[in-house]
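Dropping the structures in below, format is structure tokens.
Next, two complexes with subunit A in common: one pairs it with subunit B, the other with subunit C.
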Partner chain A sequence: MAASTNSLISMQSRSGMAASRICSLKPVSLSNQGRSFLSFGFRSMPARSLRVSCAAKPETVEKVCEIVKKQLALAEGTPVNGESKFSALGADSLDTVEIVMGLEEAFGISVEEESAQSIATVQDAADLIEKLVEKKD
Partner chain B sequence: MFPFIQKMLSFQRSFSVSPSLQLPSPMETHLWFVVPDEFKSVSLLNQYMELLSPCEKENVLSMRGEQLQKQALLARTLVRTTIARYQINNRVVDPRSLKFKRNVHGKPELEWESDGGQCPSPLHFNISHTSSLIACGVTVNSSIGIDIEEKQRKIKNNILAFARRYFSLHEVEHLSAISDSEVQRQEFVKLWTLKEAYVKALGRGFSAAPFKTFTICIKNGFRRGFDHADVLESGAPEVVVESSDRPERLTNNWQFGLFELVSSHYAAVCMEKDKTSDAGMSVPIRLNVRKTIPFVEDECISGTDAVVPIAGLIEQF
Partner chain C sequence: MEKGVRRWLVDTSKWNPAPHDFSSALSVLPQHERSSITRFLRMEDRKQALVSRLLQYALIHEVLGIPYNEIVINRTFEGKPYLECSHVDAGFPNFNFNVSHDGDYVAIASEPLCLVGVDVVCCIKPLKESVPEFIENFSSYFSSLEWDNIINTGTSDEILADFYRYWCLKEAFVKAVGSGLAYGVDKIEFHHTNWTNISAKVDGEPLTEWRFWLLELPERHWVAVARGHPRFATESYKRTISKAEFDVEDYHKGLNLPNVAFVTRIIEQVIPVSHGEEKQPEQDLLHLSSREA
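Entry: the complex of A and B
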């Protein structure tokens, strides 16, 4: 049995920062009193969501990136991907609302204010879109 | 009257910003702002970086690109140095020592200890940024919300489609009635800033007061009939907020000011009315506006053509 300080799943949440990373499933070997066993560790998962990042299709993420780039008039070659935080790209509250509206129109969905407030990254938006599209069908 | 810091060039080596200012009185808002383009000195920006908490530094560095990093740095610097100017309980405040927390809804607040342990700070602040101007409003014993937008801000979506999706019915009607598209765009931006300022003053997050559920109306000044208690002087457009989904929600305890700032921006301020004044009576917001380069220079611009009131009762000093 693992000692109390070693746990199979370790979740690190950074207080004060909504840092959301794509979780990577890496085999990690934990040694416990000389015995080693394989376990999977989730790296740096945001505490608020325990979900695997491949929830949204790449095409959805790509489309969200396009809409974001257009709204924020980002320079050619600015890297935008699932991890990108809207605020880190320079989106203010009006930009965010415009982006949500653009997403609603592009995907034929309707986003509640509460859900819109929780969107921090492109990935968040893509996941929410797929959830709403699924509900629609 | 408290002493203004007039145009003064003194490079402060220490991190205390002096002279200290008296706290704002009731119904006073002090608005401080920076213009990012005026900050070119790398050594000055590095000095500012030293004021930030580790978490704030990390956040600044997570911004994509130098311009955004500079803006994020200036925003935190503005908040810290502005608050530090106000001596609270005769203590000189080091901007680095200030601690911030979020209220239960996520609104940033000042955390501070009084002699009796922790209690809410009498000083309230709210910040707003655009790429070209970052502002921080400060009040005492009154919740405050501010929003700044560039006058020229272009909306990517169709304005009326956007308004129908997010604004209230009356607001859509008001915007639809404007035939000139440029005037319509300007009115949209003004309305947005007022709505944002209100929601930020409430401090309960966007979803607690969805934009659709309240109406902001700029009423042209006119003499009211005898059925109303208050009588407006002609010429002072009044800003009124009404809640459409919860008519019983108190809305007449909030007061607004809308003005043009340095000819390039619209600025909206929303604050709680002074609780000691008669309910329903409108007392002007006393507004003081200062442009700053922290540790280098401050300039009071109230009462100049850099601050042009558009709506709400504003008295500049």
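Entry: the complex of A and C
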């Protein structure tokens, strides 16, 4: 859980305070740094820009981990956290569909097929869930 | 061209390697492949992944004669493996392959011209729900025709079997075109006569450029094979294909090749003894006949 908390903080600072970070750089290299920072962000996260704008709470990640562990019948003590990739946990296509349904039920949301396609890790799932929950409320 | 058509199976329940034997089999593969196997948490998954990779290298080596250390297998964005810099053989305009594993079996299929997809399913009873509850989760992935066929089959065992057979065929198609996970599974509708003469439609249009087969394996396993036109490949997979357009006559040469029976390989035949060599395949065990369910 510590890992996901750290990333939550760094993501918030990146999106909220990018401006102040750029301003602290020397004017000469300012525009270059700004541009390369932005383009790096876009290039590395083509289908997941939502990660930059809102990372999920640790409780959401924890709940997703629980649902995943249950669906895949993972042994007690199997390490599952935000960074866990569904594929590495041994989820096949049927498992993935059931996991998404389990998440839909648990959180009262509906996941579009296209969004489900881009979920690779537990964190991705948690981020998407929070985004959808937010839209609902 | 027939030489490019292969269907192999390995029963992994018969292989229970000690850690030392597992590592030595693993070391046969190039470095980047090893981490993609060891990242799996469960030993069972690692075993399947290892056998799956070994089969790919063994098949390419046998069919195309490329030395092991020159074989480069990459993956598309969706995760479909393909041979890099494929030595375009006049006999094999689009050599491509696909692997699948579930339960006790790992299967690999290759084709010289058409796209190929393979899927293995192990028909296990759901543990925490009834059969109708379990399959209901996936109802949106089936057409109403297919769904009616499934639920009206009879006993819950038969319902479950039909469910898995349809799913297996759908997955074989999706994997042939290079799609990720189950994306697109709901778009294809299968027609069959007691699981023979299998054909499919997409958006009501028959897929005349495709062939499908379903075979029963021991212990409630099934394996489906899909063979079809390269123009159906997803964008990212299409980039790995040498020839996506064919005139009708040439295409039919590939489409109508015999669908050979699955050959069972034992693991020792698939692990090269030393780099560039492996045990000769005369030790093929049984030829599974095309017993269709």
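A few comments on the model shown:
Keep in mind that, in the parts below, the second predicted complex is superposed on the first by the 83 of 137 C-alpha atoms of A that agree within 3 Å, B and C clash if a C-alpha of one lies under 4 Å from a C-alpha of the other, contacts with A are read in each partner's own complex, and residues count from 1 in each chain.
In this section, a residue touches a chain if its C-beta (ideal position, glycine included) is under 8 Å from a C-beta of that chain, and two chains touch if they have at least 3 such contacts.
Just so it is clear, the model here is predicted, and its values are computed rather than measured.
Annotation: superposed three-chain arrangement on subunit A; subunit B versus subunit C shows a clash. In the superposition on chain A, no contact is made by A:106 with either subunit B or subunit C. The partner that reaches more residues of subunit A, of the two candidates subunit B and subunit C, is B.
In the superposed model, A:98 lies in contact with both subunit B and subunit C.
By the document's definition of touching, neither partner reaches A:55: not subunit B, not subunit C. On subunit A, the surface patch touched by subunit B in one complex and by subunit C in the other comprises residues 78-79, 85, 87-90, 92-94, 97-98, 101, 113, 117.
Chain contact summary for the complex, subunit B toward subunit A: residues 55, 58-59, 62-65, 67-68, 71, 129-131, 149, 153, 155-157, 161-162, 165-166, 192, 196, 205-207, 210. Partner subunit A is touched in their complex by these residues of subunit C: 39-42, 44-45, 79, 102, 127, 137-138, 141, 167, 171, 180-183, 185.
For subunit A in complex with subunit B, the touching residues are 16-17, 70-71, 78-79, 84-85, 87-90, 92-94, 97-98, 101-102, 104, 112-114, 116-117. Listing the residues of subunit A that touch subunit C in their complex gives 73-74, 78-79, 85, 87-90, 92-94, 96-98, 101, 113, 117.
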